[in-house]
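Each in structure tokens, the structures are laid out below.
Next come two complexes, and both contain subunit A; in the first it sits with subunit B, in the second with subunit C.
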Partner chain A sequence: MIFFYAALLVGVAALLAVARLILGPSVPDRVVALDTLNTLVVAAMVLLGAAYSRTIYIDIAIVYALLSYIGTLVIARYLQGGLM
Partner chain B sequence: MIEYVIYSFLTISIVFNFLGSIALHRFPDVYTRLHGATKCTTFGTIFAVLAVVVHALDMLHRTGNPKYLQMVFHSVVALIALLLTNPTGAHAIAKAAHLSGYLPKRAVVDAYLLKRKEGEKNEPCNS
Partner chain C sequence: MNDMGLIVRTLARATIPLIGIFGAYIVSHGHLTPGGGFQGGATIAGAGILFLIAFGLEEAKKRINKNLYSALEGIGGLVFLGAAMLGLSVAFFYNLLWHKGPILNGHPGSLLSAGYLPIMNLAVGLKVFTGLVSALMAIALYRRWQK
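Now for the complex of A and B:
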């Protein structure tokens, strides 16, 4: 049960990151907020996997970490104006 | 007894994740926000995974269900993936922000900008 409340609190922290994602004055600010949000979602998924005793949630956290990394790299590459 | 270890790991994790999110709102520009958010959330996630590993090892010891051994290994793999990808992504964001023209606010010395200008003087590059 404690893991569920921990995941809930990590979700509140993710809401703060979403607020910066909406408010952020420049594009790199939003990318930083998105990167923080991805890390927090991975943490919340691992905690929820422990809360419900399902290993499949943790597998999804692994895949989400790798895919969000590729997304961050693509956005960074687009920002610096290089060849895609 | 082992519950208190899990509680303290979870408390450290939540406190550092919250500090990372608050850093997004309290710092003035992209680079300081990146610094605060990336470091704090990575540290907090390490402790979240540690709490899950301790919980799963405890349940494995109590019940003997091999599902919990699988949970330990998969959590550690998730942590390794995060530890490899998070600093690399932060580096890519910082370099992209600097190259796209967002300079640090209130900075006294910007050594990377000086280095880039020197590089443009010596050899004109098109990137």
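Now for the complex of A and C:
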């Protein structure tokens, strides 16, 4: 049960990150908010995998962590002006 | 500015094999854990995207052979069709390897079980990986806005 409360706290933090994602005045603000949101989603996935006591759910968290890193990198690559 | 900085390139050298091995794990354990051919293939294609982003288009053009990737995508589809036609003496998509096969008929839950499903997962993973990498290379090579 403690893992559900921890996941709820992570959800509250994710809501704050979503608020910055909506309100952010500039584009890099939104990118940082998205990166924070990705990390929080990974944390929530691990906590919910522990809450439902399924070890195979951790695989999805690993895949999401790797692919969200690539997504952030693509946006950064676009923002720095270095097109392909 | 054709590639990213030193930190990103060094991190990509460490991360690309990790993503590739994890994608191969997802593909090969498609009948036991969540995931399968499409998910694992898309994960390995993420490694290809990371290579393209971190090392630039010129390096990727030298390493990625268009004809090889096109041929491998076709081979993936043909292997899927061939595995589907193995038990054609009974029915289409009849799992002959599971019912009376020499291998891949182990105890359910082990890696060498489930008949033709691992072969089909490998075929779909190969097809999805090569298809996505080819599509992204074609999009990256387009560059019509500079003319």
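As a convention for this text, the second predicted complex is superposed on the first by the 84 of 84 C-alpha atoms of A that agree within 3 Å, B and C clash if a C-alpha of one lies under 4 Å from a C-alpha of the other, contacts with A are read in each partner's own complex, and residues count from 1 in each chain.
Please note the rule applied: a residue touches a chain if its C-beta (ideal position, glycine included) is under 8 Å from a C-beta of that chain, and two chains touch if they have at least 3 such contacts.
Because the structure is predicted, anything quoted here is derived from the model rather than measured.
Of the two partner chains, subunit B is the only one that A:46 touches; subunit C does not reach it. In the superposed pair of complexes, A:35 makes contact with subunit B only, with no contact to subunit C.
When the shared chain is aligned, subunit B and subunit C each come close enough to touch A:73.
Between subunit B and subunit C, it is B that contacts the larger number of residues in subunit A.
Judged by the document's definition of touching, subunit A residues 59, 62, 66, 69, 73, 77, 80-82 lie at the interface with subunit B and also at the interface with subunit C.
Contact residues on subunit B toward subunit A in their complex (touch as defined above): 6-7, 10, 13-14, 17-18, 20-22, 24-25, 30, 33-34, 37-38, 41-42, 44-45, 48-49, 51-52, 55-56, 59, 67, 70-71, 74-75, 77-78, 81-82, 85-86, 88-90, 92-93, 95-97, 99-100, 102, 127.
By the touch criterion stated above, subunit A contacts subunit C in their complex at residues 56-57, 59-60, 62-63, 66-67, 69-70, 73-74, 77, 80-82, 84.
Interface residues of subunit A facing subunit B in the complex, by the touch rule stated above, are 2-3, 6, 9-10, 12-14, 16-17, 19-20, 26-29, 31-33, 35-36, 39-40, 42-43, 46-47, 49-50, 53, 55, 58-59, 61-62, 65-66, 68-69, 72-73, 75-77, 79-82.
The part of subunit C that touches subunit A in the complex is made up of residues 1-2, 4, 8, 15, 18-19, 22, 26, 33-35, 39, 43, 46, 49-50, 52-54, 56-57, 140-141, 143.
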